[in-house]
Amino acid sequence: MIEESIIKKHTVLSEHAAELLQSRQSSTVKPGLSLSQYLYKIGSGFYSLLKGMKLTGSYFVNPGKIVTQPYPENRETLKMFPRFRGRVIMVHDEDGEHSCTACGLCEKACPNGTISVHATRNIAGRKVLGRYVYRLNQCTQCNLCIEVCPFDAIRMGHDFELAAYDRDSLIFILNNKEGRG
Amino acid sequence: MNDIAFPTTNAIGDLVRANFPASSAYIINGILGIAAVLITVALIPVFLVWMERKVAAHFQARLGPMRVGFHGTLQSVADGLKLLFKEVLKPAGADSFGFFLAPILPATASFLVMTIIPFDHHLQVTDLNGGVIYVIAISGLSVFGILLAGWSSNNKYSLLGAMRSGAQLISYEISLAIIMLLIVLVSGTASLREIVLSQQGTVLDWWIFKLPGLGLVAFIMYLISSTAELNRGPFDISEAESELTGGFTTEYSGISFSMFFLAEFVNMFVAGTLTTTFFLGGFLAPQIGLGTVDLLFDAVPGFVWFFLKTCFIIFLFMWFRWSFPRLRVDQLMELEWKVLLPINIIVLVLGAIFVAQGWILP
Amino acid sequence: MGVAGIVTETIPKILDPLPGGRHLVNGIEFIVGWARANSLWPLVYGTACCAMEMMATGASRHDWARFGVEVARATPRQADLIVLAGTIVEKMGNNLVTLYQQMPGPKYVIAMGSCSISGGPFYYDSYSIVRGGDRLIPVDVYVPGCPPRPEALLYGIMHLQKLIRKEGRHNPWKVKEFETPPCIDIHSNSKKEWVEIETQKQAGMTTARERFKAENPDYVPYKAVRRPKDKFPEVPRRPVVQSGLANQDIYAIVHEVFPEVKQVKQENTDAENDKKLTSETLLEFAVTKDHYLSLLTLLKTHATLQMDLLLQVTAIDQHDFFHILVHLLSTRHGHKIFVRCPVAGEQPEIETLSHLYRGAEWHEREVYDLFGIIFRGHPDLRRLFLKEDFPGHPLRKNFKDPSRIVKRPY
Amino acid sequence: MEINHLQAPPGFTDTAAAEATTEEYYLNMGPQHPGTHGVLRLVLRLDGENVQEVVPHLGYVHRAIEKMAENQTYLQNIHLTDRLDYLSSFMNNLGLCMAIEKGLGIGVPERGEYIRVMLCELQRIQSHLLWWGVLGMDMGAVTAFLYGFKEREMITDIFEEVCGNRLTMNFFRPGGSSADVPDTFLPRVATVIERLKRALDEYQTLLTDNIIFQERTRGIGVLSREKALSYGCTGPVLRGSGVQYDGRKNNPYSIYERFDFEVPVGQGGDSFDRYLVRMEEMAQSIKIVQQAMETFPTGPYRSKEFSKYRIPTGSYFSQVETARGLLGIYMVADGTAKPYRLKYRSPSFSNLSAINEMAVGYKIADLITIISTLDLVIPDIDR
């Protein structure tokens, strides 16, 4: 008593597909096609091949349909989306100061142990950022560190041309100067 | 009927005959002819590889090779050279004699067929009066190479690929032979040169249009079976990348693989030339009947028309390859034995009736 | 070594002393380098997400055929470039090495994505990962990213082409010796190094600090400005329409036949109305080993329940015993039933469900593989994911294998 | 594992027929094979070209995600779900986020739900486009692969603009999404939808109507209704065999019950049915995205943000209809910030387990087509 009421009648495939299914029923019966079916099959088959060729031909004939964006040639016009995640960079204002206070939240939020925040005590004895080690070879650009940073100190840069010949050159130190004390 | 004066004389041949003794002149002419064929055969795959990749690219809405020379013209040169300097590996357990003999056979088969193709009135190495039978015999030779390659590289995938292509080539040779038989029947001669000359006159005298409906059907059947002969297009089941990883060429690397690669494209060129010779009036300029246009067409030398027609046929082969999915092995056999063969036999019989009634003056 | 290897080595020795020979040799090397650089045939090899970006690079929009990288051959014999696209797992490791050895002559490797550079997201706590492709085969170019953009891979390929053009006389066939760095916890290692530098630095700073304190007594430390936290409203949960039978009806049906099967009390439901379950909490039955099979046959064959789809059979390691979990779904009604059965012992045993649901075969093989629970009557109980000789069952809480697992430090 | 040709390798029912006229042999479609979509290894028992038995070997991309999940916080686990079935990473994120929301008892605002539904449906179309392209390439029509990717790149642009990454988005958070949708989102989706409609007709002529394609997929790889259910197949594979089960309709989650769309169901259960079901699903997803675009609400995109996601002890299950089938996430929380046990019920795992049922008796070329119509993602199987 429960079965029928619950299942809403879902419409089967769109008409085209349904018609194909019906004709499929007949064609799976393999034994022998009558002569008319045999000729119809050759004719419709040949026509469907021509239609396929017409489509590829239309792509060949007008080069306007080419979608290739030639990478090295279009380097000047190629601009990433504002939210593109290339690699983590530290925001430096005009006189080279960054606003990282070595709180280590990004280090804990990162799933892959990519970021190592090394704090040091500056001349006045306060804890400031010493060295911000960022291992790009382990980073998966998941944006968790940037969401959790309370001071907006780090941001996702837009550069993607980072191929290198050896593994260690992918480890960056992001801060130019010690943190402000 | 066929000794009409043709503008281009056999200049080089006469020059050699003039200042060399008679016996050596024949040998020198032969060597020059063979050298000419070998040079064209060496240059043609270079052009065809580039053409295939650009045509495939434009079919697929992309640019294809661009950076290696102007619009990628040097791309096939780079491929050939790289393959030249690759290490040639022989898998353990492979029978070395068969393994290294196999790549040579398909290439030689296509070189041999090139010798009798009439590029122009006099641009032909030799003209056998049994040309068509020679073509059928020689094109059977490339099957050995593929079977030997498949068996001797001690790899299940290559064996599968070779068995498939063995069955495919043998069965499609039958429909190929029947259509060639039709052309011989209709044109009265078996020599390729005579077949071309029998299509003289306006465009309507080409065999494709001369026989009312028959010529077109025969042309389509010929295209289908020659694509199957080439292991290309919807019939590339022998080296189907997505099933058999590489088919019979799985274990070949470096220069031995490039021989197969070269043989495939030379075969494609040979299939194109044979189609133009049989159906599109070889090196004859298309005369449409308008006075001025005919003269203009006649001025263009024969072999240019020949190459234009062959390139169009090769473009058709490429169009097939990049538009259709692949057939399964048993569907391929079914297509040959249940569809192509009956139609070809009917076409042959109708052709015979036409000739018997005298409707076509051979 | 192959013929051409020796040829490119010996040509220079012969031609150099000849007049103009040097230019000829440089000419040959330039042409050979140009040919190799401009016709890199990649192997069709891709394990995980980076393979999608490699396919996108091969597709129309980025089209690496412009660089001559086109004929993607499936056989290693005709390929001369492997793009390590995706995670390299221990079991796939030796296959990858055989593939690399099967490739002829000058062969190049691009490590694409952080998984093949250094194990990426799976560096910590994974027992079956190879932390970086260069532990197995020599890598020429590293393309970082997860996954790297198609343009980044094209930049990597151009980088590789520069390398090949410069190769020249140096015989590219000599496989580069490569050392495999040990699997250490990089994160805590860099902290240890920093602490050493730090102690040295602080030792020398004491005198400077007094002088600084003396010079500017009114030093006010810098106050970093915090980012304003944007407020988001508290949104009540939307009532979920429970499809199929309500939990109580199912519980009633099962309770008639199996009175002692109890309902697993979900801690997060309010305590007093144990029976009245909100529609969202799971309906989980706790059953003992002997009723396990009979309950599940009932659930499958019952006319009104019709639990015809087995979602999964899995297990949880509760330290001193295991819980076998069976999740069932009825495609006709849409309700789901969860069954929990405790099994104890070092090598616990329970009946198999593969005669009820054919799909259970693989799920049970996975539980045997990762937990070591034997399923009696299973047609073909073998390890599903791991190699036959893998020591122990990794998903157990007490699985210790320092050679494979690098513990996450935080 | 070395295969010697006389003794059946593990997993095979040792019924090499004594009176078999032709000698059967074992072929290894190894982990690196163009037809197996990644690193799935199939060992086939063949009689000539006919497949007698298929035994898949898994584990070549088993990265132990479930062991890692026990040592990562919930947010870090959301980032890992992208790498499970990377062709429906939005839906994986959604699955885990719904489980966490069930645990914490938090709701999702209207705009957050609409963003989730639109992005998931766009990702379903994107995943089906890739499946269609790779199916064409596996059957020899390489042009289909490049046409499929042409449209797929447009949808990838939308995702890149919204979340910054093309494939592994990590965009949803418990309670909504991590950022609001940029205002160029709706116009861009509108243009892409128009282009997709035209593209679907192009695909119709290129593959669906093609006689060679129909010959190679009709009546191939038949999976009966009972077998599909018994093996636990879900998604287009199950619907292709005639079972009317779609997670979005039968167990509605998020706000799917507001949109009206049909669930395509095949009859025969062969490769052509599964093909038509997916093509129809693409059309239905376009319908959903259009309806969602018309009534796209304003307002907050996520609910209250927690600094530490501590979920009270208990077991939670959430279920999502990904492009491949039903993804079930079973989470046992113990009150701390890290899950005690996180089990992903992956759809491709069960879809693949029925391969032996579907492929026996057909040719090698059919086996490749069947694997392609199963639309497998191997890391989703091996986790």
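The letters A, B, C and D name the chains in turn, as written, and every chain counts its residues from 1.
Note that in this section a contact is a pair of C-beta atoms (placed from the backbone, for glycine too) under 8 Å apart; a residue touches a chain by one contact, two chains touch by 3 or more.
None of the values given here were measured: they were computed from a predicted structure.
Engineer: Quick one: which chain's Cα centre is the longest way from chain D's?
Structural biologist: Result for max centroid distance from chain D is chain B.
Engineer: In angstrom, rounded to a whole number, how far apart do the mean CA points of chain A and chain C lie?
Structural biologist: So the centre of chain A lies 17 Å away from the centre of chain C.
Engineer: Could you give the separation in Å between the centres of chain B and chain D, each centre being the mean of its C-alpha atoms?
Structural biologist: Chain centroid spacing, chain B to chain D, equals 45 Å.
Engineer: Among the residues of chain C, which are close enough to touch at least two other chains?
Structural biologist: 44, 59-61, 63, 66, 74, 121, 124, 146, 149, 243, 334, 408
Engineer: Two or more other chains touching the same residue: where does that happen in chain D?
Structural biologist: 33-34, 72, 79-80, 143, 146, 150, 153, 168, 206, 210, 212, 244, in rising order.
Engineer: I need the residues of chain B touching at least two other chains; which ones are they?
Structural biologist: Residues 59-63, 66-67, 241-242, 245, 322-324 of chain B each touch two or more of the other chains.
Engineer: What kind of graph do the touching chains make: line, ring, star, complete, other?
Structural biologist: It is complete, because no pair of chains fails to touch.
Engineer: Which positions of chain C touch chain A when the two form their complex?
Structural biologist: 60-63, 66, 114, 117-121, 123-124, 132, 134, 140-146, 148-152, 154-156, 158-159, 163, 185-187, 190-191, 194, 198, 201-202, 205, 208-209, 212-213, 219, 221-222, 224-227, 243-245, 304, 306, 332-334, 408-410
Engineer: Can you check the complex and tell me which residues of chain D touch chain C?
Structural biologist: Answer in residue numbers: 10-11, 30-34, 38-39, 58-68, 70-72, 79-80, 82-83, 86-87, 101-103, 105-109, 130, 145-146, 149-150, 152-153, 156, 166-168, 175-176, 227, 229-234, 238, 243-245, 250-253, 255, 257, 300, 302-305, 312-317, 319, 326, 328, 330, 332, 340-341, 343, 345, 349-350, 353-354, 357, 378-379, 382.
Engineer: What residues of chain B sit close enough to touch chain A in their complex?
Structural biologist: It comes out as residues 55, 58-63, 66-67, 319-320, 322-324, 339.
Engineer: Give every residue of chain A touching chain B within the complex, in rising order.
Structural biologist: Against chain B, chain A makes touches at 42, 49, 52-53, 55-57, 59-60, 63, 65-68, 70, 72.
Engineer: Give the list of chain D residues in touch with chain B in this complex.
Structural biologist: 25, 27, 33-35, 49, 136-144, 146-147, 150, 206-207, 210, 212-213, 215-216, 363-366, 368
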